[in-house]
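In the two complexes below, chain A is the common chain; its partner is chain B in one and chain C in the other.
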Partner chain A sequence: MSIEAREARQPWILLAPALTAIGLLLIVPLMFIIVYSFWLRSAAGADTPGFFFDNWIAALTDRFYRDILLNTLKIAAVTTVACAVLGYPAAYFIARSQGNKLILLVLLMLPFWISYIIRTMSWINILGVSGALNSALIWVGIINEPIQMLYNETTVILGLVHFLLPFMVLNIFVSLDGIDTNLEDAASSLGATRWQGFLQVTLPLSLPGLAAGGLLCFVLAAGTYITPVILGGPRDAMFANLVYEAIIRQLNWPLGSALSLLLLIVLGVLVLIYNRYLGMAQLAKGLG
Partner chain B sequence: MDDTKRYERLRERLQNGDISRRKFFGLLGAAGAAYGLQTPFAKQAFAADVTQVRFDGWGGVVSEAFRKYAFDPYTAKTGIKVIDGTFPGGDEYLAQVRASQPGEYNIAHLSGVFDYARYASFDLTSELNLANIPNMANVMPALMNAFKSITPDSLSAAPYDYGTTGLAYNRKYISDDEIKEKGAKILIDEKYKGKIGGWADWRTRLWYAALQTSQDPNDIKDMDAAWDAVRKNRDLLLKYWSSGAELMSLLAEEEIYVTEGWSGRIYALQEQGHDIGYYDPPNSFGWQECLFVIKGSPMAACEELLNFMLDKDTSIAVAEGQSYPPALDPTKVDLGDKIPKLPAFDPTGTLSGLTFANPAYWNGNEAAWSEEFGRVQRGY
Partner chain C sequence: MGWRLIRTYTILVYLFMFLPIAVVVLLSFNANQFGSFPMTGLSTRWFETLWQNEAIMRAFRTSITLGLMTAVVSTVLGVLASLALVRYAIPGRNLITTLLIAPILVPEVVLAVALLLFLNFLNIGKSFTLLLMGHVIFTLPFVILVVQARLVSIRRDVEEAAMSLGASPRQTFFSITLPLLMPAVAAGGLFAFTISFDDITGTLFWKPGGIETVPTQIFSMLRNSISPEINALGTVIIVLTVGLPLIGAAVARKLATKSAG
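The block that comes next holds the complex of A and B.
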């Protein structure tokens, strides 16, 4: 075998384990889900194999699914904006801090050592009727009766921001850390104020990191299931909750498959748009 | 020759230069692939020689009691291990079982006769040989008959315990007289807006809607009125709870003053010192739990384990642990001092005072009503 042929084969040999894992654990199950989405659930509960469009027609035309999908995208967007606003100053502070950068990064990663569910449930002890905040407000004398702060859309967004903020900070940090600080000094020497230097030099250069963090936060928020269950009120549901209910509660796997594919397609389109304008390389850098 | 010896010989041939490294790795890969392909079928072959039985239940104190009084003595006698798994709810578990290989799951602590019927509709039933389960003779016939109405020719499960889903209320805000006067309608009382809880379960919601609209829960004639009651309840709710732990937390923290709740969980709250009342309104939701043997399981081993679990000492320990009365007939078996004080306990052994869900009626409407509740729950 020639050296060229051997070199051409080498990447495929190295990629083979990863491709096999992706094929078996992602592509094959996805194929099953696609096939399932065209089946029907009979009244008795068992599935009816075949090629029916009923689930897709319901998923695409029913106002119920459309409204919840739009609400899910709205919640994901609000969460992403909140993470960006809160995360940028934190990332900037870490990137520009001297000497204790590593400690700050470790502190940023600390929440990941605690289960996501536990972190979400901690808000019940903070915002609950007999929680820390209400107790403190009553003790100070600001209120006489506890305020109902939990179980609404705001607390769902709060829980999501709590969960996703580190992802945003890390992505922006990676971007800011790669910017040569001499550029800010150069802007200052040319007469720019610190604020102008930030707006015209640092911020534009860090936008890819902001966008990568935004994409991650948006996709993770849009696919969340547990936060609305723990912190949401009676009407607060996101699209993943509908998938769960269709598959687990109603045992309607065909409809659940169609709904999950619909969410996958919507989020996939967003990723493609991101890739078209910014490229996936920035996302990989942020995750690395 | 065993596999280890075979691999050692192969490695020796490589070291001696008898085979190339490429051939060595090729043979290893082929062996791995062959093992991967044969394993699912090997499992069936191994089933003939039973070494373990899998049991899935609700975990916690129930699981501990089973381990101490049934699983360990059973293993000591038979040499068969019991793999103890837990599940968060019957729906989730059924989804897992449906996605599994036959024989992967064996015995489950299922809830409700409608679960029995659902397993039957998915062709997951087995056929118990009652001669191998002598302790079944102590079980209340009323509980057995419910299963026999679904599979008349055989049984796939042993009844194990029962309870009710009644009204739980905080006595600091709601008196015993008020709850008796208002009954199920207290869950749609504007006075408690934002302080009412409710289980996110379509059956329970519709059952209570039937009571709130003065209808028979097992034969709801005016569905529009029932759905309107579900909507009214939704608009007054603080939260739909989804687990027993969440139910207890909401009541104990005074986030809610009233909800429907599971008798055993409310009893546990009372035991902890919370002033929570429990009241079963007329036609309160009665249910029973069973030990269901899933199709494809090693039957003789499972039947013997069921017999251990139905033993008087095990049943009483589990009942005291989970605060639900056991399925044992109190007219035949002395159940001790604590069990007669548990909510929903029936000293007659006939259970004539409890109303159970008619499985044919509820399962027949499951597809439509569960989907409709999903919409109503979200404000539609």
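The block that comes next holds the complex of A and C.
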């Protein structure tokens, strides 16, 4: 074999293990559940291969599934907006602060390393019947009996915001940090107030970061399984909980396949719209 | 006016992020037998019960084994793929990158269902092997992102100099590229370990009955109620997951200065 031919083969040899792994453990399985979602679960418990639309009709028309899907999207949207409102000023502060930028960034990254389930359950210590807030309110004398503040939709959103906020701040920070501060000075020397300068110069330039953070928050929130189980009540199930019910408890795998694909399609459309207008590079910047 | 307001706001945001975690650590040293407020004194009794809890210790061993194996496999696959992507002009580079990053974009539940059902179809049931394969898939993109970013900054001419002095590509890789890449390899491996150690959603789908990792163990303990033992476990995990990367970063910096000097 010539040296050129060997050179040309080299990268593919290096890529082969990773591509094989992704192909066999992600791409092929995804295609497999597409096929599987058209099979039928018979009463006897065996799956009937074939081409039936029953699971898809159930997933799309059953009011129970539709309500939970809409509610999941609503929770994800509220979480994303809350993260943006909480995160933007913080990201702005970090990007524009002089001395302690590094410390603030390291602190911001810390929660990424702290276990998700620990962070989620930590709210039980704060809001639970014998938690910090109830104890404090009783001690001050505002209430006599502890109030149950946990296990509702608000605490689910609270837990999600707590989990996802660092993703948002980091993405906004990355795009704010890349803006030349001279631009703001130029705006003010041309007579704009600081607020005008921010609204017309800095904010538009930082929108790609805001969008990347928003996409990440939305997709991660909409796919959550754990938070509603720990911080939500019996009526706060999200879509991933439905999938878990179908797959692990009812063992109705064809239906579970259809439900997971529905979630993938809804979120996939969002990612595609994002990719169409902003491209994946911005997202990679925030992740790396 | 604005700046002071933004600063106060930022401090509140940081408090929001860290206060609940601080309360976990505080309560884990609580002498009160229900582990709740008011605190009656400081004690390390919950750490002692933790140490004697066989189920938790087993979960720790499982998580560490799984995390280490995931880190090794992911890092090897990730470094090889990054080398190909950065060092060679290959057709369809963007498509390949998107494919390799795809596990981040697919919701974890969907990834978990797809892998579980497909491997079950191949007669590979819920098992440690399935857990390992699943963890490798969703840690791989992070390793590739970290290693690629570093690899771009290693200058090509250093490698070319070695080769022009007669080193084979293999020799060049092991004596030039790899040592320069070491901080990224370490960071990627650590990243993979932490993500694997922390994972719960995929793990709940893939784990066979009887095997618990630390997060699934906490999850099943939470079903009853929050016990001071869980807070103690939380504290141990916080110390491990925050301490390890900090040590890792320090080691990486040391390695970097050594290879630079």
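Please note the rule applied: the second predicted complex is superposed on the first by the 270 of 288 C-alpha atoms of A that agree within 3 Å, B and C clash if a C-alpha of one lies under 4 Å from a C-alpha of the other, contacts with A are read in each partner's own complex, and residues count from 1 in each chain.
Quick note on the criterion: a contact is a pair of C-beta atoms (placed from the backbone, for glycine too) under 8 Å apart; a residue touches a chain by one contact, two chains touch by 3 or more.
Everything numeric here is computed off the predicted structure, so don't read it as measured data.
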Fit-or-clash call for chain B and chain C when the two complexes are aligned on chain A: clash
First, second, both or neither for A:53, with chain B first and chain C second: neither
Touching partner for A:237 - first (chain B), second (chain C), both, neither: first
Contacts of A:41 with chain B and chain C, given as first, second, both or neither: first
More chain A residues in contact [chain B versus chain C]: C
Contacts of A:251 with chain B and chain C, given as first, second, both or neither: first
Partner chain(s) touched by A:68 [first = chain B, second = chain C, both, neither]: first
Touching partner for A:128 - first (chain B), second (chain C), both, neither: both
Selected from 6-14, 42-50, 96-104 or 132-140: the stretch of chain B that, after superposition, runs into chain C: 96-104
Footprint overlap on chain A, where chain B in one structure and chain C in the other make contact: 124, 128, 130, 229, 247-248
Residue numbers on chain C that touch chain A, as the complex places them: 2, 6-7, 9-10, 13-14, 16-21, 23-24, 27, 34, 36-38, 76-78, 80-81, 83-85, 87-88, 90, 96, 98-111, 113-119, 121, 133-134, 136-137, 140, 142, 144-146, 148-149, 169, 194, 197-198, 200-201, 204-205, 214-215, 218-219, 222, 226, 230-231, 234, 237-238, 241-242, 245
Residue numbers on chain A that touch chain B, as the complex places them: 41, 43-46, 64, 68, 124, 128-130, 148, 150-151, 229, 232-235, 237, 242, 245-252
Complex interface listing, chain A residues touching chain C: 10-12, 14-15, 17-19, 21-22, 25-30, 32-33, 36, 86-87, 89-90, 92-94, 104, 107, 110-111, 113-119, 121-126, 128, 130-132, 135-136, 139, 162, 165-166, 169, 194-195, 219, 222-223, 225-226, 229-230, 240, 243-244, 247-248, 253, 256-257, 260-261, 263-264, 267, 271, 280, 284, 287-288
Of chain B, residues touching chain A in the complex: 91-92, 94-95, 98, 118, 121-123, 194, 198, 202, 234-235, 237-240, 242, 249, 253-255, 363-364, 366-367, 370-371, 374-375, 377-380
